[in-house]
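Please find the structures below.
Shared chain: subunit A. Partners: subunit B in the first complex, subunit C in the second.
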Partner chain A sequence: MTPALVLYAIFSLLPIAATFWLSFNSSAGFNTASAFVGLHNYQATAADPIVWQSLWHTFLWLIYHVVLAGGLGLALALAISRLKVTQVFFRTAFFLPHLVSLAVVGVIWANIYDPFYGLLNTGLTELGLGAFTQGWLSDPALVLFSVNVASSWQGFGLYMLLFIAGLQSIDRALYDAAEVDGASSWQKLVHVTLPGLREVTTFVVSLAMINGLKGFATVFVMTNGGPFYQSELITTYIYRLAFQSQDHGRAAVLCILLSLLAIAVTIAFNRWRTRLSR
Partner chain B sequence: MLKFLAGSVAALAILAGGAVANAQTLKMWGPEQIAEPLVAELWNGIKADFEKANPGVTVEFMPPTGTISNGAVQAAIQSDAGPDVILTNSGIGRITIVRNAKQVMPLTEQYEKRGWKDQIYPWLYTELKGQFGGEIYEVPDGLDALGIWYHKDVFAAAGWEVPDTWKGFETLLAAIEAKGLQPIAIGPRTTGSAGHLFGNLLQSASGKETIGQALRKEIAWDDPKVATGAVRLQKLIEAGFIKKEMAGLDLDGASRLWFNKRAAMFVAGPWFTANARKAGYDLANAGYAPMPSDLPGEAIPTGGVGWSWLVPVNSKQPDLAMKWIDFMLSDAVMKKRAQAPASTMIYPRELKGIEPSTPVLREIFAAAAGGVGYNPSVYLPATVLDTYFQMIQGLISGQVTGAAGMQQMQAKMAEAK
Partner chain C sequence: MSTHHREWPVVLGLAPVMLLILAPFAWLVVSSLKTEAEIGQADPYAWPADLMWRNYQDAWQIGGFGELVGNSLLNLAGVVLLSLLTCAPAGYALAKIRFPGREWLFYIFILGLTIPVQAIVIPLYQVLFGLNLVNTLSGIVLAQVSSGIPFGIFLMRSFFMSVPDELVEAAKIDGASHLQILTKVLLPISTPAIQALVIISALSTWNDFFLPLIVLISPEVQTLPLGLVRFASTYASEYRLVFSGTVISFLPIIILYILMQRRFTEGLTQGAIKG
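Take a look at the complex of A and B:
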């Protein structure tokens, strides 16, 4: 027990305490003498419009990720769960992107989105759909969504596997009974499959939300928060403050804010799950 | 016999121990583009010469994962497993970040002690001395000179020339666009690249003295005298001479447009020769000209200290790092680098009788011979840099006007210490 507690203290409690300490100090880096500044970092953070913008982007990012990655995972799980011979092939193929590092995913998708040479715009043009070509990473209205697609592409495979496991645990007798009652495919989906996936769905959604909150690598690689902060997330802004501007005090405040967000999301979600299971 | 053997073994052990004790490794952050064969050949040669001159020393290159601008250098130093000496993109803005974080050693004393002050241009030494109240934290390795790169064959075939006036430049841009080419490529996702074109536009519109005043906070950035360059960029975007989509490109994406001749012009410095070589571009076809200006004598490249040597405070080999810098500043090494086909920059002191290896470098050196204007990316305070780069992205993506962007710049400059 004691070694575990020591490790926990070193790797969790101590960094948490250090983050709180940093948030009340002005620090330009670990080598500098820091000075206690009270709530100054908190005030400066609250007055910074980019913080609020990145908070909103983080919220959107989370929603996009849950819907895109979670939704695609569910759709593909439903599509391939009935396959007998080819299921292993599709399961493996769809899971493969999850094995690619997010940084590499960022580079791949940045090239796909290249407005002049990218697969997406050139493909659309070749298909005679040139009117639909976009500046996927330059249009302020699109950029966050575009980057999230890349991130979700990397993530959906895991969710798909979880949904497939959930689907396999649904009692076949329920489908047989539904068929005897003359239920259509849609009715079976709505009244048998989805309720049967409730536990898995809540797990997938909570996992996707936490992954969404941790979103960083693809944004960092593909846009570095730009253009003009339009894809800035709390996480990328923390990096910008801590490692580019060496403003560790304000970065610590944002770390605390991010932690509070994660805690709030988890509590709200658990309450919702409890209500559902009643 | 046994005694003799035991004695020999002991002597060998002592010798080996001594060799181990003398063995030292100098970890060097850099050089960039070491994967390029010509660059690798040059630097491996320098490394071998240094190791030969310093028995027992091994130089280990650490390929850079980034610069001070994206926090890579700071993270490497912070790790405490990082480099002993660093070669990276510099300039006062970037140096301020690592200097304020107390991550790099002051080198002022070494300038006197080792004679470094006499091994760089006097004006450069004066400039460095004036930056941090007399304390110097960097040793310049190369200077930048940013201007317009163009394709000689494309321009010759169309009968185009880089003109002398802004009006003439706008006419040229329109002619290029009418021909179905992108007039100018830019990759502002790479922050430096955003600053290259923008700095050129500020210089062209306002001149060196005015931009210098703005950088020294003697004139506001939203003063029309300074903001004209930003308004010009806005107009170039609105006219479609620079596509808004380019806000999503990085340096590689934008240079690909230029190397493939889908773009007619690109703003870059001498270092672009390395990118061009890597892309298989025929450097004999590259032309270089400063951004046209209506102000007399202001059609000059922008630049400043482009790359410098830094010594981290946690360098495990500070003495060896100083020796390495001595070596890099020596005539032998500097001339070797200047004459090498992999040469990509203007050196920090005059190298008489040395001709750059590529014709385009000769053009760049000639354009910069009368001095260079300011590249604000190099001179702006660290706390303003991010706003500067994001503002340029905002301008290119059409999210902010030139005037409004410069107001944001001014607000940030007013906050900066």
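Take a look at the complex of A and C:
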């Protein structure tokens, strides 16, 4: 018991407490004198338009990730679980992207989106679809979505595995009963499969949201929040404030905001899940 | 059952989706064997005239990938070992030993399960700095183990709770100490939980970027993802090096996964559902 607690106290609990303390102090950088400034950092944070922008981007980022990665994971799981002979093959193949580190995914997709040599634009041109080529990472309206596609490409594999496990735990007898009643495959999907997946779904959605909140590496590598903060997330803004601008007070306020969001998501989904299991 | 009639339509539907999703891998591998001029032609469907294996030699040497892989392996071994050593006893204590404040302690650990590491990074850096652990592999190992402890404890605790109390009581009557109960009675039957903990902590360590970015400053101590990002931005205009370096970064784990895919799948699903 003790070793775990000591490690955890030094490297997790102490920092959690110290983050609160930092948020009430001014500090010009690591190992410099700081002074108590009350709520000043909170006021400065609320007045910073980039904070609100990064909060909005983080919200969009979560939605994109849940829909793209969660949706693809569910669709593939539904298809793959119908297979007998080739199930392991497809499950293995579709899981491959999840093994790549998100930072490496950032390097890969930065090259895929490269306007001149990238797979996407050159591939579209060669197929005669040159009209669809884009500055995927330079268009302010597109950049957040483009980067999220990269993250979701890496993320969907785990959700797919969880949905497959969920599908396997549905009682076969329910399907047999539905067949006896003459249900079509669509009716079986809507009345047996999807209700049977409800618990896994709440779990996957909460996992995807927490993963989304932690999103950092792909944005950092591919755009560093740009162009003009158009792909800035809370996490990348924390990094910028803490390690580039050395403004620890305001970074700490954002850290607290991020923690509160994570706690809110966890509590909301725990409530939802206990209500389902009742 | 008519399962075989159902198999092929689904296979035919899935095959193009699979090609689309795995296309980035194929494109990277093929491009990594091209000359700079061939990449410059910007035709992703063209095959290289000669397979340029020396792109790999060059990338390996220029990028110092030997050192990066070595650091990543050390980092991974340290985290996996230390996670087992800390989480198994703590999970046992929380599951099977009654002591005052047990519930309370459990909730303190759960708190860490929800708070992302990005949210505590400034003081975490200060703690590591104070202990002289910035820019060391030991520093990154300790920080990663600590951020993985809540999940590990949760996993081990829920597995140990599913073991009948009678088994533990019987060992106690025979005069076994807590350490003996843990190592002789519980761990031998805990293979699924241990497997899940090993695979999840290994994968998350191997892929971690945020903590290494902050803690590991000099190239000699950096891990693979961080080293690749630095390499790719330094040699951004030499595509053949960036491509082959990228393939070096993902190929080992993909081969390992294909060899052990059943264990990986079991470990990840078990771990995620229990945790």
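Everything below uses one rule, namely that the second predicted complex is superposed on the first by the 262 of 278 C-alpha atoms of A that agree within 3 Å, B and C clash if a C-alpha of one lies under 4 Å from a C-alpha of the other, contacts with A are read in each partner's own complex, and residues count from 1 in each chain.
Here, a residue touches a chain if its C-beta (ideal position, glycine included) is under 8 Å from a C-beta of that chain, and two chains touch if they have at least 3 such contacts.
Everything numeric here is computed off the predicted structure, so don't read it as measured data.
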So, A:Gly71: does it touch subunit B (first), subunit C (second), both, or neither? neither
Name the contact category of A:Leu7: first (subunit B only), second (subunit C only), both, or neither. second
Would you sort A:Gly123 into first (subunit B), second (subunit C), both or neither based on which partner it touches? second
Contacts for A:Tyr113 in the overlay, against subunit B (first) and subunit C (second): which applies, first, second, both or neither? first
Figure out whether A:Pro227 sits in contact with subunit B (first) or subunit C (second), or with both, or with neither. first
Name the chain, either subunit B or subunit C, that contacts more residues of subunit A. C
Applying the document's definition of touch, where does A:Asp139 land relative to subunit B and subunit C: first, second, both, or neither? first
Quick check on the superposed pair: does A:Phe243 touch subunit B, subunit C, both, or neither? Answer first, second, both or neither. both
Which residues of subunit A are in contact with subunit B in one complex and with subunit C in the other? 30-31, 110, 116-117, 239, 242-243
Would you pull the subunit A residues touching subunit C in the complex into a rising list? 1, 3-5, 7-8, 10-16, 18-19, 22, 30-31, 76, 79-80, 82-86, 88, 90-97, 99-104, 106-112, 116-117, 119, 122-123, 125-126, 153, 158, 161-162, 165, 203, 207, 210, 213-214, 216-217, 220-221, 235, 238-239, 242-243, 248, 251-252, 255-256, 258-259, 262-263, 266
Considering the complex alone, what residue numbers of subunit C touch subunit A? 3-4, 6-7, 10-11, 13-14, 17-18, 21-25, 27-28, 39-40, 42-45, 85-87, 89-90, 93-94, 105, 108-109, 111-127, 129, 142-143, 145-147, 149-150, 153, 203, 206-210, 213-214, 224-226, 228-229, 232, 239, 242-243, 246, 249-250, 253-254, 257-258, 261, 265, 268-269, 272-273
Complex contact set, residues of subunit A against subunit B: 28-32, 110, 113-117, 135-140, 143, 223-230, 239-240, 242-246
Any idea which subunit B residues touch subunit A in the complex? 69-71, 74-75, 78, 97, 100-103, 182, 188-189, 191, 243-250, 253, 256-257, 262, 313, 382-383, 386, 389-391, 393-394, 396-397, 399-400
